[in-house]
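Starting off with a structure, shown below.
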Amino acid sequence: MYKYVVPERVLNGGTTDVYFKRTQDILKAEGINPVVVMEVFPGRDGILCGIKEDIALLKKILPKDAEVWALDEGEPMSRKEVVLRIKAPYQSFGLYETAICGYLSSSSGWATAAHECVAVAGGIPVTSFGARHVHPNIAAEMDYAAVVGGCNGCATILGAQMAGCKPSGTIPHALVLVMGDTLKATKAFDKHMPKSVARVALVDTFTDEALEAVRVSEALGKHLAAIRIDTPKERGGVTMDLVRELRARLDQAGMEHVGIFVSGGFSTEKIKMFTDNKVPVVGYGVGSQISSAPPIEFTADIHEIDGKPVAKRGRIPGVTENPRLKRVI
Amino acid sequence: MYKYVVPERVLNGGTTDVYFKRTQDILKAEGINPVVVMEVFPGRDGILCGIKEDIALLKKILPKDAEVWALDEGEPMSRKEVVLRIKAPYQSFGLYETAICGYLSSSSGWATAAHECVAVAGGIPVTSFGARHVHPNIAAEMDYAAVVGGCNGCATILGAQMAGCKPSGTIPHALVLVMGDTLKATKAFDKHMPKSVARVALVDTFTDEALEAVRVSEALGKHLAAIRIDTPKERGGVTMDLVRELRARLDQAGMEHVGIFVSGGFSTEKIKMFTDNKVPVVGYGVGSQISSAPPIEFTADIHEIDGKPVAKRGRIPGVTENPRLKRVI
Amino acid sequence: MYKYVVPERVLNGGTTDVYFKRTQDILKAEGINPVVVMEVFPGRDGILCGIKEDIALLKKILPKDAEVWALDEGEPMSRKEVVLRIKAPYQSFGLYETAICGYLSSSSGWATAAHECVAVAGGIPVTSFGARHVHPNIAAEMDYAAVVGGCNGCATILGAQMAGCKPSGTIPHALVLVMGDTLKATKAFDKHMPKSVARVALVDTFTDEALEAVRVSEALGKHLAAIRIDTPKERGGVTMDLVRELRARLDQAGMEHVGIFVSGGFSTEKIKMFTDNKVPVVGYGVGSQISSAPPIEFTADIHEIDGKPVAKRGRIPGVTENPRLKRVI
Amino acid sequence: MYKYVVPERVLNGGTTDVYFKRTQDILKAEGINPVVVMEVFPGRDGILCGIKEDIALLKKILPKDAEVWALDEGEPMSRKEVVLRIKAPYQSFGLYETAICGYLSSSSGWATAAHECVAVAGGIPVTSFGARHVHPNIAAEMDYAAVVGGCNGCATILGAQMAGCKPSGTIPHALVLVMGDTLKATKAFDKHMPKSVARVALVDTFTDEALEAVRVSEALGKHLAAIRIDTPKERGGVTMDLVRELRARLDQAGMEHVGIFVSGGFSTEKIKMFTDNKVPVVGYGVGSQISSAPPIEFTADIHEIDGKPVAKRGRIPGVTENPRLKRVI
Amino acid sequence: MYKYVVPERVLNGGTTDVYFKRTQDILKAEGINPVVVMEVFPGRDGILCGIKEDIALLKKILPKDAEVWALDEGEPMSRKEVVLRIKAPYQSFGLYETAICGYLSSSSGWATAAHECVAVAGGIPVTSFGARHVHPNIAAEMDYAAVVGGCNGCATILGAQMAGCKPSGTIPHALVLVMGDTLKATKAFDKHMPKSVARVALVDTFTDEALEAVRVSEALGKHLAAIRIDTPKERGGVTMDLVRELRARLDQAGMEHVGIFVSGGFSTEKIKMFTDNKVPVVGYGVGSQISSAPPIEFTADIHEIDGKPVAKRGRIPGVTENPRLKRVI
Amino acid sequence: MYKYVVPERVLNGGTTDVYFKRTQDILKAEGINPVVVMEVFPGRDGILCGIKEDIALLKKILPKDAEVWALDEGEPMSRKEVVLRIKAPYQSFGLYETAICGYLSSSSGWATAAHECVAVAGGIPVTSFGARHVHPNIAAEMDYAAVVGGCNGCATILGAQMAGCKPSGTIPHALVLVMGDTLKATKAFDKHMPKSVARVALVDTFTDEALEAVRVSEALGKHLAAIRIDTPKERGGVTMDLVRELRARLDQAGMEHVGIFVSGGFSTEKIKMFTDNKVPVVGYGVGSQISSAPPIEFTADIHEIDGKPVAKRGRIPGVTENPRLKRVI
């Protein structure tokens, strides 16, 4: 099971907004260190993710008698609902407000987008394929969040490890191009890959998908689990009609066992349209719908200082009730 | 000067899509390793960022006789313009296609958003304040990209270090709440901070901004550089009228030297509206407009194999002309 | 009970369209004076108001054997429904067509707007506060119509007298400004006003509403019935969040007995939003939504002359059936 | 020349919001009566009207040493521009804030709407015909404001007297219906009316306008100045094509001297369309576009008390510069 | 019963796209003439029309052992549903692909539009009046298709003959204008027309419809079946209010037996509005809504060649199931 | 040169609205036959077409001393501009009002649509390809009108003959399917067709256009003038990117002489987009944009009877000036 190790750059305050560092310096100089209750809540509804990292960080930095309540990784949360409550001397954790919010913001954004895709996919598995659209420092974290949000699997090796599953993938255009032929590439894949890896042939690289799909299926026979189409926009993209025609042509060739796996521009709306129209696919590879999802903004507010309810203007003083919270530290 | 060190998780392929790992295994088994030309281009116009990290990675992995051409960090780029061209044996870099695109996607997204804010700010400095909305693994990278895109500064300590500037910040609500009074907090800040740090008082925590602004200004006098308002939505947010009234009331109190720094929900449109209406601010703190900017999707295509023009369907075979590219390796 | 006295300027024809005066002169000169049936109907659905004044006028001018049918003051009416039918020699009332329509148009416009506000207020009382947006010649008439439309009360002294209720009001910004302090003004109000006048403190003049609300509440204790907020647009106006926070802060201070009365920009839509979201207010002060409501256009058509059905083109000759009409003269 | 006499119901405070009455009582009881500067400004751009009545009221109530500055009746004004400034002991005029704003709100609303019609009429005279849509208490005031806003004339006798012009009008449908024939009615009009009144025949009552127009024109010859059409919506209303056809048919009958006067649903947009298309009309009768115009909201703010700049939150303390103001008291 | 005779210009290939002629020449030269299955389907839902002409053509050209399946004239059909299937040696019919599709396209477009009008007319008869908007070569075909789509009748003599009904019509404006008077024209019509032709008077030519309707009705009495209004746009067109007023005025004149027939600009939407509002009409004359309806595009695809399933890219090879098809040849 | 022969069904009144037949019968019975002036005008701007047929008809039916004025075939015309004026005894032509308008309506609709396509095509030839979407009775007339409107050519044999040009066409999908291979079909075409017919190969039937285009080009070499793409919607249709890629791939294969001809869904907007983006095509095949264009409605009005100006309501009596008209009979 994956265990999060807080990196040095976070622990030493490198990634924090500098005014929290200055606040710490001032409070130390003044000798002020009250016990405060800080509450963290999201700016919109979604799936909570990143709380594991928050708790790992808090365990590392909080003193013994501190108390922390939180929702679980992967739980649904509502706008303005408190998902994390910390009660501890302010100096022990004030420096980390940036990181505490940041872990949740990015990861919950991805998990929520994944959840929305899965919700409309009608039970067809969705795989996270968007690592290429995010900085490698968070590619694995993004994939992990996608699985927390409901994806069946993800493409990066480290992301899969974090999420406790096997990495998923078919054949990239690069392999087909380098080998010069779709069938040759698929046969090489079949020859060298362990049996546990499903054979899924990419059939849109050189020529019409329908011809290639039948050619590759007939060559690999029962070895072939599925074909993948990722038709470029310049060739019309992946449409419902295309999938249906491929299904018909594969069936006419006696290749009912070969599934059709689709990727390329699958937004929530497009997946929903495929589901509503019962388009016969066996899996969706989803990229930027998840990986480019905007972060969910989290806000951290102080609501109590040394037992006294406080709040800045616009917020309600005192601890906010949320019976769903569980004590985690 | 900041020098990028490629992390182990990237180098060992952990953050790559697994099918590139499998492709490498297959090609090795088959003994195929042609010299290929791969070209990378963005899906929309913007400011290129992350190319420094790409080049650092490529220097680490490419063999001697490889060739790399690229645009510079911070250069404008057009949709579908080639910004990076690699000529090398495929096995030496195929594994890193995910990372090569990923570095550019996130960082160019942030730099481009920052550039758009700066472009409409009419010369008023813009500071990147959004680290709390992104995962700490990339908080510093986001701030660095914001400066590449044109921001005057940024809030994270490590981001500023990467960008070669000092971190910027004022006073958080937390300090005011913990000290219990805006003036007290500002005086403590004034007492303990080095002279090089500008005194900017946050005046919206407990009561009306106009009263607090005058009170703090009169107390600190010439020590005070500016006040900051970050009025919550629940109290109407930061509006043009509010800034103008504060300016008038500060001027009536003889506090013409105290600037007004604004933050909270400043989108490109809102900054533009302030500029168009000549609202008298001395600086903008911009958060999610930059930090939540969607990545710019980059695509990597093989265009030549062993000197022969190739391309997948929908792309044009052969090397794409771009006289702006410079040889970097 | 208020009794309408027709003013001289109406009786002497000063406020009529001159062509009706000329018509009268011509018909007199020609000796033509048939018994006509004139019918009056509105251009849209609404609440009938002003019929009292019409009847008062008609009683004053019609000969003995004239007949008048009408709906009651405050009754709902449909577009094109006949609300008033006059059967009398034409010369006796032709001069007053302008006034007969005019009384109904303005008053029904206000009553209808008031009715729409009350209909969405979910039982919370609505008070008419808009006299300052209309000419003093009709300020009282507007307030009267608002009460006919369903308002609980109104602000002008004469309007309340006409409507048979007590005038309503809290404390204006002027008193607070002149006395220089919210609490001082409220205490003076409490000291000098008769007990029958509810104490409602205006808390948004000088500083943050939340602070003032608690300060005034604690000072007046059980004397205070409610606080009023009328926050200017420049400070975000009166929002649902603001009311909720005030409620919470008053409750935390043990001031559950102090209600929150709101005013400032309350349109039908805004009242409905407050009702739908169960925002805890005890009263609405509504201004321009009622006072600036457009008149409902009424049309007067001749449908019978000396017992013969007639009508101008576009209208149907003969008396129009309407069983809801009651004989009033 | 018309001279405004402030009615008793205004002077005795009957039309004021009751809280101004209470404020006066409290301040008297407390013996507080500072000299204040109150400024009045509109909520949108327009034509100022009603200031004459304001000045008449202020002359009646202010003590000797009071000072008043104002713009002139009929001047253009901008949103938030100060149009009236009063400097006097507060008790002398505080009671009248409702009336001071009210005079301006209704009248400026009408004058502004009239101005907008005139501005697009391309020099063709516009007459105010909307008295039937407003309460008789203000029918004359509305007509007066329409002339202030630029109308050539108005229909009510008292309104015309206030505006210093003759009342305008043609023939109502009622006269035609009562006399039973368009031509008969027009001839009676011609016979009995003084020469100074232009003969304008209404030709849409019984049958097609084109036939009637020619019939009446041929019968009256040079006596006839114009025909009026006010075709009901049920018969297609007054359209550009209809006017052009009438013009052609009148010309073919040798009746070039007979103008075409139009009324019925003429909004600013419709007048503009007629002007843009050079439709040959000689006059517009405008009703609800002027009479149903929403009031312009005016606000009265205290900006100085005993020489000290003050203001409520959201406004700027101290006297507001406006070089266009003239001393009127 | 009407029997379609294929014109020479179609049979000799004059109206075909030239490349089908060339295809025939090439295949003949090459000696290629397989038995193919061609399927024809529409691009949107509608009512099939023109299939009678297709079958007449195919009977003329196909060899003995050819097979043809089709839906019936007038049947509803769905988008992409096969409505015609031909199995025959390609050379026997390939030349006529243009004509086969063309018959269906135009006629189904008209029939479908007619069907939509009838569907919303609530049982009131609809007559096709649009021959003047189409080329005389297809005026009768258009009228025939309108009746296939559900119209009660049509105006052209030949169209009615094709559809097996009597041609319908009232009186044109030309007759009224040439005779100089509506009543005179109607009486002449009554005098000279056979009894079997219903008397329907057109009453909008010279003057107001209401007056003319009553005048003509009173003159013809029981002879008159209906009046028709076709009021030009310049006079407001035919509105619901106009019909209702005419109905009322006719009823008041004791002319309850005279129906109101309407024409002029009746779109599907306008008919529906009349139906929804129960406007008392006895018939609709519909012109361009039917005659200007866009053709429905039909596509002809080869799905089998000498027993082997084929298809071009984007279509599914092999015969498409459609149990609704009936063998017609 | 093509000469129009009026068909019997038109001459014998079969295609006329029956009420014109009845009108003729009545007028004959009454012995009424005045000389009338009838004017015909279109309901919107466009290109006049069909006037040739009108004149042919009028020559056939009018008596000696009749006069006819008209615009030329192909001339631009404005909304409501008189394009045809007939002066003749009414009985001689009244029967043909339906046909006179009908010839112009359909043909001008097609010519105008063609003109709009040509106007945005930037000089690239446009060919009319839409015969399959219209009834064969007018397929040739439609093609003729398209050439009148500006098309370079058309597909039907008879249409081309009428327009005085050669019919245009490439290769249909049917030929490729029947011969089983794109190259085989193209070679057969090349072998059997006369030299005067340009070789244009259709390359989208079986597989990817890019591969087929190069294959066919290399096989035919200089014989090949162009390839045509008509990619089905199910495969993304014909896009700008697709054309550019084909151009690049053909150029890379040394096939610069092979043009790219496009067809399939080319609307005015799509042609304009191609022109604006300088997409390298050599010709457009346009179908339904022309063939499904709505007719332009023409109206025929009587304006003079025996020298006396008349008109129905809504129109202006007397002859309408139009200096562009030429005397044609």
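Points to keep in mind about this one:
Should a chain be cited, it is by its letter among A, B, C, D, E and F, assigned in written order, with residues numbered from 1 in that chain.
Please note the rule applied: contacts are C-beta pairs under 8 Å (C-beta built on N, C-alpha and C of every residue); 3 or more make two chains touch, one makes a residue touch a chain.
It should be emphasised that the depicted structure is a prediction, and the values quoted were computed from it without experimental measurement.
Under the contact definition, chain A and chain B share the contacting chains C, F.
Under the contact definition, chain B and chain E share the contacting chains A, C, D, F. Remark: rotation between chain C and chain D after Cα superposition is 180° (nearest 5). For the self-contact between chain A and chain F, the two sides draw on mostly identical residue numbers; the shared fraction is above half. Placing every chain at the mean of its C-alpha atoms, the farthest one from chain C is found to be F. The interface of A-B is repeated, with over half of its contact pairs matching by residue number, by C-D among B-C, C-D or A-F. Taking each chain's centre as the mean of its C-alpha atoms, chain C lies 58 Å from chain E. The multi-chain contact residues of chain C, meaning those touching 2 or more other chains, are 206-208, 231, 233-235, 241-242, 245, 313-315.
With chains as nodes and touching pairs as edges, the resulting graph is of another kind, matching none of line, ring, star or complete. Inter-chain contacts occur between A-B, A-C, A-E, A-F, B-C, B-D, B-F, C-D, C-E, D-E, D-F, E-F.
Those residues of chain E that touch chain C in the shared complex are 208, 210, 241, 244-245, 248-249, 252. Every residue of chain A that touches chain C in the complex is listed here, in rising order: 309, 313-318.
The residues of chain E lying in touch with chain D in their complex are 206-208, 211, 231, 233-237, 239, 241-242, 245. On the side of chain E, the complex with chain F involves touching residues 7, 9-10, 13-23, 25-27, 29-30, 32, 34, 36, 50, 90, 94, 97-99, 101-103, 105-107, 129, 131-141, 155-161, 167-180, 188-189, 191-193, 197, 204-207, 231-235, 288, 291-292, 294-295, 297-298, 302, 305, 310, 312-315.
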